[in-house]
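The first chain written gets the first letter, and so on, giving A, B and C; residue counts start at 1 in each chain.
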Amino acid sequence: MLEVKDLSISFGGLKAVDQLTFTVTEGSIYGLIGPNGAGKTTVFNMISRFYTPDEGSVLFIGNELLDFKIHEIISLGLVRTFQNVEIIKNMTVMDNLLIGLHHQMDTNFFTEVLGLAKKKEKEFHKKARDILKFLGLEDFENEIAGAQAYGIQKLIELGRTVITSPKMIILDEPAAGMNHSETKNLAILIKRINRELGITILLVEHDMDLVMSICNQITVINFGKKIAEGTPSEIRNNIEVQKAYLGGE
Amino acid sequence: MIKIQSKVIKTIILAIIVIILIGIVPFKTSTITLLSTVLIYGIAAMGYNVLLGYAGQISLGHAAFIGLGAYVSAYATGVMGVPFLFAVLLAGIIPIILGLILGGVALRLEGHYLAIATLGFGVTVQQLFKVLKGFTNGFAGRIAPSASIFGIKIKGVGYLIMLIIITTLLAILIENILNTKTGRALIAMRDSEHAAKAMGIDIVKYKLISFSISAFYAGVAGSLYMHLVKYTQPDVWGTVLSINILAMVVIGGLTSVGGSILGAAFIVLMPHLVSEIPYINTIPSASIIITGIIIVIIIRFMPMGLITFVDRFKRRITHVRS
Amino acid sequence: MTIFLQNIISGLETGALYALAALGLVLIFRTSDVINFAQGDIAMFSTFFGYRVFEKYMSYPFAVILALLFAVGLGYILERLFLRKALKLGIINKIIITMGILMIIQGFTVIFYGTEDYYLRKAIEMENFNVAGVIIQPNALFIIFLTLAIVIIFNYLLKNTKFGISIRTTAEDEETARLMGIPVGKVYSRSWMIATALGALAGILVAPKTQVSISMMLDIHLKSFIAAVVGGFSSFFGPVAGGFLIGVADNLVGYYWSLDWKTAIVYGILLITLIIKPAGIFGKVVRKKV
């Protein structure tokens, strides 16, 4: 589904990512891990088009992502989350989810102005409620998103990605700031999204436990280069990976 | 959904009540003019609210758009003989072009940079008003004929009632926009541009939309001003007016359409109210000092605007009932 | 050629005043995050004060010093009273507070000094002299060199004193400054005090041309904003350079092109700068991290 080939980028003479290549197969949960500073977020930002690589290509279902702008990616079926949970703090939880539906809303400006879009709005609200139920957030519908606990905010952001009916979600360090039991719940949720909703997941993370427990396939990078690729058990026994993490952490 | 429905009806009922009041109570002419001015600024403020409150674009040159609307309307009705209502529409549409230009500049700037850039823009346009004498008549000033619909002259109380109708209509239109996809997109863009982009919101498109809407409302306001006062010259359309519009929206309450009208009422009426106070009105320029002090107090203690005051009051009433 | 040089000198003279005002503007701007719209009127009020002192004691240097002290005191009071408690309010609210300050200052100016205009003498009242056909006004030279001296001294202070470093750090990243133990509050008040003093100086120096009047600072005030944008305010010296540039451009355009259109053209330069290099000629734009 997602083919990353020879992806490279330098910042001011320093090569942050070097010839990275990996493939995510449809329906899987794929992990991209590495110690701090390994370049994971940079890779992430390149795939989601916030950065433009110096070399390489990113093919998503046959589309060359590098030909698209940031806001065009979502219509291809690829959606992302943010490490610092970029929900819209001053809107309700419901409105935050409705943002996710933005690119699917075909109401145009003039129908809105004249108040003719109300029926469509009702449909959107219903779809948002379904997603809230899936996440267990039904009671939070009219609460202000920014006032909620961190864990809830993460769920809201996740809901926003799921509502777009994506083919693939890329998660940016979803376990950041979570404790052990929260991470366990997150793992269960990600698996549910993958299996029940049929969404492929690419997970960029440096929490080993989460990645090991849910990923089908993992690529490990360090200093911008791939140092290992394989199943969780293969990675666990890989000496290069152990060296990289012992050295880094 | 029921909420939205009744808001429109509530607004219309309010407007009808006000119109009946105006028709019955014999207000002084000066009061009628003052109230008309409040509504005109209110229209400009509503549009500006979309730009500042919803889209988060700090624009300090908004007077340029209002002025352009005024001159377009004066020129259209006075020189070209265009009928009044059509001229008002034209006065709203032409500034959109200017808005798109400024919007284009705004695409690459944020925060302070945007603020001062728009300030410079506003001043530049004001300069153009001074030198494009064929269009604006420069310092000599431009006059405009009275408003007339189907040959009937509209002024005084009639003009105020027309303004109430127009303001109500424009308020409903804006509420419609803001409660749907466009409104959410603007707020998302304002609060987290990255998230907005990732969710498929085309920032370029929405920044340009916000500048266009605010320019339209400003232009309409300018036109309505022009046919109330019937004379204008370039000094009016400067930084002072731009900052006043900013103050109206902030003091009234950002992201509140009703707040914009409230803010307009405050800025227009406060100096007059202050000068009515005995003893105070013997001191020259006391009203400007006191207005300044009150503005600072409101911003300090009610940074979310006067509308929060109104909301709290409303809530207290409903609590008493239950 | 001689006329050209005269225009340049004249342009540098007005440009120097724009530069002083722009420097003050940017100083407040980058340290306490406020666009101070009251800057021009504070300068005007101080100049009125200076005029009264001069009227009473007939000593120009004495009047100037007192006017500057007045401005410094005023700057301190305004910052402590109005802005210090409003720190967290965001740029828009702070702008409106300065608007309130502007109204209050204007009101008090009228109360204390009425609405009349007054004439204040030039700083240097000396005969013009002639260098190879170019007529040079000593006062103009004085203003230009004074401004350059101030800028050089300020640059030295910024780089070599504890105080200067605290300003630069606060301007760059306030969080870090606080964590490093820099007395950020003092940085705010001192920035205001310096800025208002610079404004007052500009007012006193421009007074011979505009008269001491309520609207005397209008041109300088507006142009200081333009100077800050054109020069770029990610540094303290972009606006200074911008000020001189605008002053010279204003004069040259006015003489060689059109007096009528000169202000519009200069503002047009601003717009073009914004389109080509939005951060200003000497500026850098800060990009947000993803």
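Throughout what follows, contacts are C-beta pairs under 8 Å (C-beta built on N, C-alpha and C of every residue); 3 or more make two chains touch, one makes a residue touch a chain.
Values in this document were obtained by computation on a predicted structure and should not be read as measured data.
Asks: By mean C-alpha coordinates, which chain is most distant from chain B?
Replies: Greatest centre separation from chain B goes to chain A.
Asks: Would you mind checking which chain's mean C-alpha position lies nearest the centre of all protein C-alpha atoms?
Replies: B
Asks: Let me have the rounded angstrom distance from the C-alpha centre of chain A over to the C-alpha centre of chain B, please.
Replies: 42
Asks: How big is the gap, in whole Å, between where the Cα atoms of chain B centre and where those of chain C centre?
Replies: Whole-Å distance between the two chain centres: 31.
Asks: Can you work out the whole-Å distance between the CA centroids of chain A and chain C?
Replies: 49
Asks: Which positions in chain A touch two or more other chains at once?
Replies: Residues 50, 82.
Asks: Counting only residues that touch at least 2 other chains, which ones in chain C make the list?
Replies: Touching at least two other chains: 290.
Asks: Going by the touch rule set out above, which residues of chain B reach two or more other chains?
Replies: 194 - these are the residues of chain B that touch more than one other chain.
Asks: Which positions of chain B touch chain C when the two form their complex?
Replies: Counting only chain B, the residues touching chain C are 52, 58, 60, 104-105, 108-109, 111-113, 115-117, 119-121, 123-124, 127-128, 130-131, 193-194, 239, 243, 246-247, 250-251, 283-286, 288-289, 291-293, 295-296, 299-300, 303.
Asks: Once bound in the complex, which stretches of chain C touch chain B?
Replies: 29, 33, 35, 37, 82, 85-86, 89, 91-93, 95-97, 99-104, 106-108, 110-111, 222, 225-226, 228-229, 233, 260-261, 263-264, 267-268, 270-271, 274-275, 278-279, 285, 288, 290
Asks: So in the complex, which bits of chain B are touching chain A?
Replies: The touching residues are 1, 4, 8, 172-173, 176-177, 179-182, 184-185, 187-188, 191-192, 194-203, 209.
Asks: Using the touch rule from the top, collect the residues of chain A that touch chain B in their complex.
Replies: 48, 50, 70-75, 79-80, 82, 86-91, 95, 98-100, 102-103, 105, 107, 109, 112-115, 117-118, 121-122, 125, 160, 164
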